[in-house]
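Shared between the two complexes below is subunit A, which has subunit B as its partner in the first and subunit C in the second.
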Partner chain A sequence: MSAPPSFLRERAMAEEAGLRSRHPDAFRAHWRRRAGVVGGLGAALLLFVFALWDLDVSWGRVIGGIGRLGEFTELMFPPRFGTVERLWSYLHALVETVAIAFLGTLLAAILAAPFGFLAARNVVPQALFHFGLRRVLDTLRSVDTLIWALVWINVVGLGPFAGVLAIMSSDFGAFGKLFSEALEAADRKPVEGVVSAGGGPLHRVRFGLLPQVLPVVASQVLYFFESNTRSATIIGIVGAGGIGQHLYEQIKILEWGHVSFLVLLVLAAVFVIDAISARLRFAIIGQRTGV
Partner chain B sequence: MLEIDDLTRRFGAKAAVDAVSLSVTPGSFVGVIGRSGAGKSTLLRMINRLQEPTGGTIRFDGRDVTALRGQALRDWRAQCAMIFQQFNLVGRLDVLTNVLMGRLNKTSTVSSVLRLWNDSDKAMALAALEMLDIAGLASQRADSLSGGQQQRVAIARALVQEPRIVLADEPIASLDPRNTKVVMNALLRINKHFGITVLCNLHSLDLARSYCDRLVGMASGRIVFDGTPEALTDDVARDLYGLEAGDVMDPVHDAGRPQAAATAAAAA
Partner chain C sequence: MPGQSGSFAAMGATVPTLPAGQAAALIRAYDLQVAARRRQTLLGFAVVAGLALVFGVLAEADPTKLVANIGRLTSYVGRLFVLDSGQLVLLDPREWFWGLGKWLKLLGETLLIAYLGTVIGGLGAFVLSFLAARNTAPSGWMCFVVRRFLEVCRTVPEIVFALVFVVAFGLGALPGVLALAIHTMGALGKLFSEVVENIDMKPIDGVRATGAAWIPTIRFAAVPQVLSNFTSYALLRFEINVRGAAIMGFVGAGGIGQDLVEAIRKFYYSDVSAILVLIVVTVMCIDLATERARHALLGREADR
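The block that comes next holds the complex of A and B.
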């Protein structure tokens, strides 16, 4: 299907030399950019190969191991919990895990809120201050929950309290940064409306920024709660309370039926939290009027 | 009486508003016209002090408002209500709360932050909304409204500020012809009924001619015309919009909307 020769096409062809000389940039091949893309891909490939070699990845071991993986899977069925007392202690641990995640997330969010405001350029227009605070938050954020758990266990001893503190510490930095970014991404126009009507600095934040930012922040907190339920399972393994402890013990004594039962419990909990938080998120960002 | 003297605002080397002097008598409806980039918005925003002047003074009833700070500045802002092209409402809040923003300056910080408004403030807000025929929307979220409705909410917010002046920065530039008429008529009404001075930036010459009793023409940050709509001859208008400079974009743009101009003229 060939298009009929158009006026524009004819004109462009007749004028091509002129167009080329008037707009040299548009016709220049972007060798630099192309070289960048090719170079980048090449570097990524090299890194991949290097990693395979350096980490001693041996396909033979993987294939040999698959058989054992199959055996474990078989041993996992049916999932079982032994005695009813055991069941209760598992359920109790699950509730503890969810509680650790909930408290840790909530404390992190509450603590991070004022820092998020201070770290936002459009709330505190102080470049140096805001740069310093950002780097502090980044530093806290870069330490993983598991490491925080090991630290807090040494400070407050084994148990769920250390777990709560661990989640709080690692998410504090992330929340601070996320909150401040949400504030900076907020639309300036409502703020200007409030200022033009004679509103003060507090009004600016309360009415111009907060209604815009709160739904974003709330849905981030809900996401973190979800993912922290999984983190709280892991930190249980190092002794920071919750269901992880049981999981670790059952793996050690090769009780695969119990392991699969515990995994299913965590799965169910995450599923339920996911469903609830999805509804909450929808309610918050939905059509109702904000705060 | 608003008196502007030698007012200048620079952005880098460029003067957006260049030594503008202007006095506005109370109760007048002044249209500020000119091409985009002429400095109209900057002029209005400096009066409300959303933008700081580089030089010159703004006086209101003899008082210099260019140097005001803190509470005095916020009081001044409440007195010269601003209406924006993009409405500048808080989209996620309901209409009534948006209108009550106009009372912030007269409400204690604690009660305003907790949204505990006075009954008398609420009554004012609802009265303003009724006047603009949108009281039925009071509990709706502002961002669920059409552009014309949102601009009326913004006008209601301006009214509850009990302002002496209303500064409108291209209030109809984002609206269709019908809403243009509704919004311009609302501005005309608050001018004629309440005697509030209106200073309105307009892109469209026909609208300016039909609604304003005085036109101020700006070009490159300077005032190049100041007089009645009748005095604005086609020659002057051509100068203002720089036809001679070979810039045909603006007139074409205006001619593309003859319907808006016609309906607005019919309304006035």
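The block that comes next holds the complex of A and C.
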């Protein structure tokens, strides 16, 4: 920042008493508001201290841990992958991770589409049904991907397919909710236009609602694909395929060079996918609003 | 009204029609446009289908295995709701929630982990967001460095941080808190800096004109504009972190996840469902409460 002119400031400081008497409101202390802020912050701080005490966080542990973390970080450089065979198995796991995210997102979107319509208030105007379906979707959504992975492993066995199904299950609820919200936020006028031109219920959805919600939905699906690439990197921890398996093993055997290499692989993959998907999202939204 | 209908008729009569040649050209152009768009859509579908096929092979997706074993899912879900004695869980809630005291304590621990993670990460994000926003960053290279740092923090999943921290700090809640805090800092830092980039720059110019340094400028010109949005995002993040903290126990980083994963691994079916019910209900309550608080906050902002 460049040095601002101090002329104004000098003039104001010289005349402070006059300013105070002419604008009492601007200088008054708002004790009530301050008490509220201080009270809120105090309560937050108390809870913070209580949490530190309850969770047994001590400075000794923190400092000791940070020291060890420093050692690990030193060992992480340079990142290495050992043999070429190892490298291939890592790359295969990386592609598998992307595959799990892609298929999981796609399946969830396809399955959730009809439920999104059913859960939208302006498509099925039935309060009790609406409430029930929303709660079911909420419940599916609040069970984490890792837990779903453990459940699906019982069904289809260890491996990436369980990961696909796990991502599908936890995203199904989220998509159902998002789709129905997109439908509810849609403008009613195009629908009325279709009705006034003699369109039936199917026409209403196809020409009145779909063109409005498709771009929104498509960009949300892409966004979830991005975030699922991150989720897919961890489900390997419970044995549901992807690069997480390797990551878990290498951390357990303290091979920090391999760990940093795997993390770099994940970072690279996520950045590439983010870039592609951001472009696609922009293209979809730009193209549709232009029409 | 005869006059009006007359004017309608007159209007109908005066609508000009294009000469046939011109109209045909326009229609052709329109058809071409529609066809092009349709081709594009079909191409998109084809690409998605092709990718799905390739990835399906890679991910060993086997629909037949799913169909053949779908009975295991239904029987698994069915067993979740039956006690060891063979009774339905709803008929004997006391037996179902036999470990309620222990679980509630672990649930409280989970909430505290999420709270600490959100507060620590939120504070870090608060400081870094002003350095990462283009309009308030003191220098270009600092903006670049902070942005990359935040990106790394939010791209590495919190469980991976937790795995590393468990080795460094030992088992317990501390690694969970730190893992959540780092991930939260990355995620909130991005959202916060986007809020900062959208602020009105006039107050900043005003405060700067009085000769204020960087910190007072941010304190008096930027912070009052962004605080309610920041709080709203932090509340949203708290809800996400409660979900995250619930699975931290999977890798030994504290909270109720430890008991949950143990129950799943050892096939204590009714325990699994009891713990899941507790988690889902807690998450839903927090979801509702934070949504209320956020609407109140943003509503107050709109009123001002």
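The working rule: the second predicted complex is superposed on the first by the 238 of 291 C-alpha atoms of A that agree within 3 Å, B and C clash if a C-alpha of one lies under 4 Å from a C-alpha of the other, contacts with A are read in each partner's own complex, and residues count from 1 in each chain.
FYI, a contact is a pair of C-beta atoms (placed from the backbone, for glycine too) under 8 Å apart; a residue touches a chain by one contact, two chains touch by 3 or more.
As the structure is a prediction and not an experimental result, all values here were calculated from the model.
Asks: Would you check which partner chain A:Gly159 touches, where first means subunit B only, second means subunit C only, and both and neither mean what they say?
Replies: In the superposition, A:Gly159 touches subunit C alone.
Asks: Who contacts more of subunit A, subunit B or subunit C?
Replies: Comparing subunit B with subunit C, the partner touching more subunit A residues is C.
Asks: For A:Lys189, using the defined touch cut-off, is the partner it touches subunit B, subunit C, both, or neither? Pick first, second, both or neither.
Replies: In the superposed model, A:Lys189 contacts subunit B only, not subunit C.
Asks: Identify the partner contact of A:Glu15: answer first if only subunit B is touched, second if only subunit C is, both if each is, neither if none is.
Replies: A:Glu15 sits against neither subunit B nor subunit C.
Asks: Touching subunit A in the complex: which residues of subunit B?
Replies: Its residues touching subunit A are 48, 50, 74-78, 81-82, 84, 86-94, 97, 101-102, 104-105, 109, 112-113, 139-141, 144, 154, 157-158, 161.
Asks: Could you please specify the touching residues of subunit A with respect to subunit C in the complex?
Replies: Counting only subunit A, the residues touching subunit C are 1, 4-6, 8-9, 12, 44, 47-48, 50-52, 54-57, 61-62, 64-66, 68-69, 72, 95-96, 98-100, 102-103, 106, 138-139, 142-144, 146-147, 150-152, 154-157, 159-161, 163-165, 230-231, 233-234, 237-238, 241, 247-248, 251, 254, 259, 263, 266-267, 270-271.
Asks: Okay, in this complex, where on subunit A does subunit B touch?
Replies: Listed in rising order, the residues are 187, 189-190, 192-200, 202-203, 206-208, 211-212, 215, 287-290.
Asks: Considering only the defined contacts, which subunit C positions touch subunit A in the complex?
Replies: 48, 51-52, 54-56, 58-62, 65-66, 69-70, 72-73, 76, 108-109, 112-113, 115-116, 119, 138, 151-152, 155-157, 159-160, 163-165, 167-170, 172-175, 177, 208-214, 217, 243, 246-247, 250-251, 254, 260-261, 264-265, 276, 279-280, 283-284, 287
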